[in-house]
Amino acid sequence: MAELINLTIDGVSVQAAPGTLVINAARSVGIEIPAFCYYEGLSLQAACRMCLVEVERMPKLQTACTLTVSEGMVVTTDSPAVVTARKSMLEFLLTNHPLDCPVCDKGGECELQDAVYRYGAGEGRFTHIKHHVDEKQFSPVVYYDAPRCILCYRCVRICDEGLGVAALGLVNRGVTVEIAPNRGSRLECDECGMCIDICPVGALTSGTYRYQTRPWEMRHVGTVCAHCGDGCKTTLGVRNGAITRANNRDRSGINGEFLCVKGRFAFDFVDHPERLQTPLLRTADGFEPVSWARALGHIAERFLEIKARNGRIGVVGSNLTTNEEDFFLQKFAREGLGAVGVDHIRTGDLPALVAALGTRSGAWASSADLYNCRAAVIVASDLSQQHPFLAFQLRANWRHHGMRCYTVTPGPVREDSYAVTALRAAPGDELAALESLREKLKAEPELVILAGASVRADALTRLVAFGDSLGIPVRYVCLLDYANSRGAADMGLLPDRLPGYRPAEGPGLALPDMLADPALDALWVMGADPLASSHLAAESAFVVVQDLFLTPTAARADVVLASASAYEKAGTVTSVCGEVQKLARGASVAGAKSDLEIMSLLAARMGLALGPSDNASLLEEICRSVPGYENVQAVLQGGVTPVVCPVWSGPQPDSRPDLIRSSEDTLFTSGVLGRYSRVLNSLSEAPGRLYR
Amino acid sequence: MLFNEPSPLEVKVLTRRFQYPDSARIDTFLAHQGYQAFQKALAMTPDDIIQEVKVSALRGRGGAGFPAGLKWGFVPRNSPKPKYVVVNADEGEPGTCKDRVLMVNDPHQLLEGMLIAARAVGATVGYIYIRGEYRHVIDIMDRAIAEAYARGYLGRNILGSGMDFDAYTHTGAGSYECGEESALLESLEGKRGNPRIRPPFPAVSGAFQCPTVLNNVETFCSVPEIILNGGAAFAALGTPKNGGTRLFALSGHINKPGVYELPMGFNLLRLIHEVGGGIPNGKRLKAVIPGGSSCPVLKAGECDLPMDFDSLAAAGSMLGSAAVIVMDEDTCMVTAALRLMRFYAHESCGWCVPCREGTHWLKKLVGRLHAGRGLSGDADLIEEVSRNMLGRTFCPLGDAAAMPMISLVTKFREEFEAKIGSAADAGPGSDQLVVL
Amino acid sequence: MTFSPQLETKFEKLLTSYPEGRQRAALIPMLLFAQDETGSLSPEVVSEIASRLGLTLLEVEEVISYYSMLRKQPLGRHNLQICTNISCLLTGGVALFEHACRKLGIGSGEVTPDGRFSIEEVECIGACSWAPAIMVNYDYHHHLTIEKLDRLIESLQEGSQDHAVQ
């Protein structure tokens, strides 16, 4: 560690590492230097001139966002010269600004508004006709209002530097400069909306949020995105129980400023018109909406009857439900029903990787590790499409730390553009391709391997053997599709494994085996759609489905229970990288109940004693009984995001590559939820586009 | 050929070959000491070359007046990166037309200066960034480059010295800002002419992020003389710390406009009256912009001074590009101000707030005032807006607009005040400028 | 699309004039030279040059819209660029500009209906000591008067093409 530099800012002694920018050194002692163009993590611009400060022995004011600290430096951030300069910059910024704050979406949370309120003049002296151009719609979700734009270039940089998309640029010159999209008058991009969030003013606005409400009319609910498994925090803006927007402007959560199109826009499945809002009971004439009491009574009766005759009940869990729900479901299934099988749709072979790594707790990479590791190999995944936050982390790591990236994928991927080596390998051939990288990888100080679903079963064992043979520290990420795919496995929604991968007694039926079992008496599906692509062999089986929509599986059910989505409930979920995070209830949909509540009511009706079924008690039980989750509750209470490392015990699993199937979602698909998101369906970019 | 009647007062150093027929051809050049300085430099160490340039007190001819030898000395000698020589031939400062004259009449002198600079810093490639309008200059430079290759003054193992150097012209496409050195480098790399954050300076990270010597045409053209006859002799031509001669471009209300080579420190009034033949039609001198449009204006009474960097700085102006714009007693200073503010608003790249918005605001303010629709307080506001830009913009363009504006509105305040609210009597012909 | 062999030769030289991997440097010269040949930077020209340099259309558009000499719409065959900046202003440049506008019946940035002439009021063209000056395409005309401008326009109307630099 290099020695710290001593300097003085506004009379306060400050120590900062060499290379620290004055703006950050000031921030470290609580002195805020206003800035628009400066944005931590992005390249420096020195364009807005808001951060001008006085520095002893320098004749001109200096931009604190580009000036690095030096020994003995004396900085003043509130001298008359600085105050005048700031005030004049704001006056300049407002000359051609429309001052349409009353109708601007950003009003109330606008950085320009705040800065003018704090540092600006009370009156304007620009009494000329303002330079005006009309607002433009760049895409279904991105609008650009050039007159409001203060040209801080944050949007251009986040798109280019942050995402590697570079869909925004600058056109024209002087006062006519504006931001332009990459396809003439429209955008072709990830539609992530990062440009909207990062915009300090109301220049870039959201097609779904604009003119809907005022920021102070909403309740801001921080929760976890309901879509992919990367675990991004998203802050829901909720008004009257309805979600009006989602963003992460405060850069909180594991994802910092990152959110993709799904996290930002695809919350609209919640109020899709086809959303189930009442239980449905199959009658001779089709489904009949019934009361919860009648639906649950019917299920309890049938389950008890089947259980009484030692009938065969199969239980299928979800990739979307909470850890608490998953834990309770497997308990219900195993202890309450004596189910012949408990499983979920497996989108990656996490158990096989856990088995291969055994008890090595240091062998799992967190999403923070992706930002700090020295080298990474992306195997069998189009990461920027399927795990956009993980891709963002790796890219930021490359930008900031020069991380060395390798890709081994079936086709070209965005990460190729900065990869040291980019190899093409068909599914199943990945290990042979990796072998050709052996010498290069051996030379790395450490490595993170991210493996997609086509590396499964024995291939994962061989992957770990390959990692071990490199002689360097290697950590792994098993890429899984959905918001709590990881939790489903960790919580024992597996036929042969209890929560925490402890061996289950006797081999249960895996999902395809349940579906193929002609003697199956009942199938209970919580938040999954296995019959979308499979046939249920037991034609007379009693089928219960909990879901948001009438999926193909629900359509086959005898009873359908309207369940609540992740945005409508509490609980915890575990990301693909093992971060355990809390959900918070944002929306409420009349008639729908959380899966936990449904199970709890059903257990009561059946007279089962399964223990307490509230989130807090269940999390406590999880921490008590699930290896790897011991500290989760304590860490969460401390306000920190716990990272769990799974632990394998007992015999190796059977090799069942047939159980693994990723749905190969893109940025614009998201399984069942995606099918019911009007916004996602309105965006037509081809998956995997590199936008060149 | 671009040429005006020489003045007997001129001291012809950089322009000495202009008198010969075909002065742009290599044979003419070689017949008159051409490439001899370079050959001499080949026998010198890089340090000796830089030392000689330092001794010469040669200061940047583009406008900033930074000592050239010092600039060359900043190039890291041991950098493993390739090094470049870049010539700023973007000549866009209103009033300035000297680099064009130098390149059209003696292109090889520029190439020789580049070669010597390359020798001094170990550069192997040079680019001459020439403004797009100067297509004929590009053609002349290209022909000179071809001649130099043919005679072995460019290319591999030049004159058996082991030195390699390639030179290329590079056209601009219409942007005053690209005359700012870091914006020029962006433009050279095929981008918008937005300036770069400095440090790093071009000497460390310039063209293609490699160490680069970047100077104005006239600066490079001064180098052969310095090497041939010594830095001390060159320095002695001018005033202390202001070595050599300067090409003064006289324009505006002057009987003999033209480009004249005179020693640094030549008296401005003598320049106007003795070299330039005075003001046409017996008019009296009103004001002079002494170094291109970005320099604060001097009132007639302030013009009895030596034309060197330090004397003009002391007088509150700048020598700049030594473009002397003469204005007679009938000149409307508000009109002049408006034309200049229109220029800066048009040429502001738009990158930083105070320049982008300030130049636009000044154009509007002066335009309103010029049209006789100014409001009381507008003159003060013009000054204040200018001062709010001054020293706070990303690159010098903001200052370049603010400085002449401040000088005009303070030194000729009564003209600005008189225009306020004069629309009713602003008859045709009172101003000749179309306000856009 | 294809350009003339002369232009292709120029392009070839440009692409070897810059360090390996930095061929983007050729963009502005390529655009200007292509425009000289085709009259304007049509979408076809832009995409051709973009693809030759491996740039996105946006990257090229950013550049085109920045430089005042680059244009996407064709101007007249004879583009009168009349300087009205300070030295020309002091010596009658504005009168020349207004005269040309009246004579041709067009304003700055406009083209005569026959496509023969266009006028641009331009910033300093580096002819200050020979002011007032104008450019017709790339040809300079110095010390202009209204009479000389009339003769120049008439000669261009008659179709004589070449006007060497004075």
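Residue numbering begins at 1 within each chain, and the chains themselves are lettered A, B and C in the order written.
Going forward, contacts are C-beta pairs under 8 Å (C-beta built on N, C-alpha and C of every residue); 3 or more make two chains touch, one makes a residue touch a chain.
What you see is a predicted model, and the numbers here were worked out from it, not measured in a lab.
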Task: Of A-B and B-C, pair with higher C-beta contact tally - done: B-C
TODO: Name the chain with the Cα centroid closest to the overall protein Cα centroid.
DONE: A
Open item on the list: On a C-alpha centroid basis, what's the spacing between chain A and chain C, in Å?
Closed with: 52
Task: Geometric centre distance via CA averages, chain C-chain B, whole Å - done: 23
Open item on the list: Report the inter-centroid distance (CA atoms only) between chain A and chain B in whole Å.
Closed with: 55
Open item on the list: Using the touch definition from the top, which residues of chain B touch two or more other chains?
Closed with: 175, 192, 346-347, 349
Open item on the list: Quick check: what residues of chain C touch more than one other chain, meaning two or more?
Closed with: 62, 66, 68
- [ ] Identify all positions of chain A at which a residue touches two or more other chains, and write them in rising order.
- [x] 170, 172-173
TODO: Would you pull the chain C residues touching chain B in the complex into a rising list?
DONE: 17-19, 22, 24-29, 31-33, 53, 62-63, 66-70, 81, 84-87, 89-91, 94-95, 97-98, 108, 121, 123-131, 135, 138-140, 165-166
Task: Touch list for chain B against partner chain A, complex - done: 175, 192, 197, 345-354, 356-361, 364-365, 368, 375, 381, 388, 391-394
Task: For the chain A and chain C complex, residues of the former touching the latter - done: 166-173, 180-184, 691-692
TODO: Can you check the complex and tell me which residues of chain C touch chain A?
DONE: 56-59, 61-62, 65-66, 68
Task: Contact set on chain A toward chain B in their complex - done: 44-50, 52, 60-61, 66, 84-85, 88-89, 91-93, 95-96, 125-128, 131, 150-151, 170, 172-177
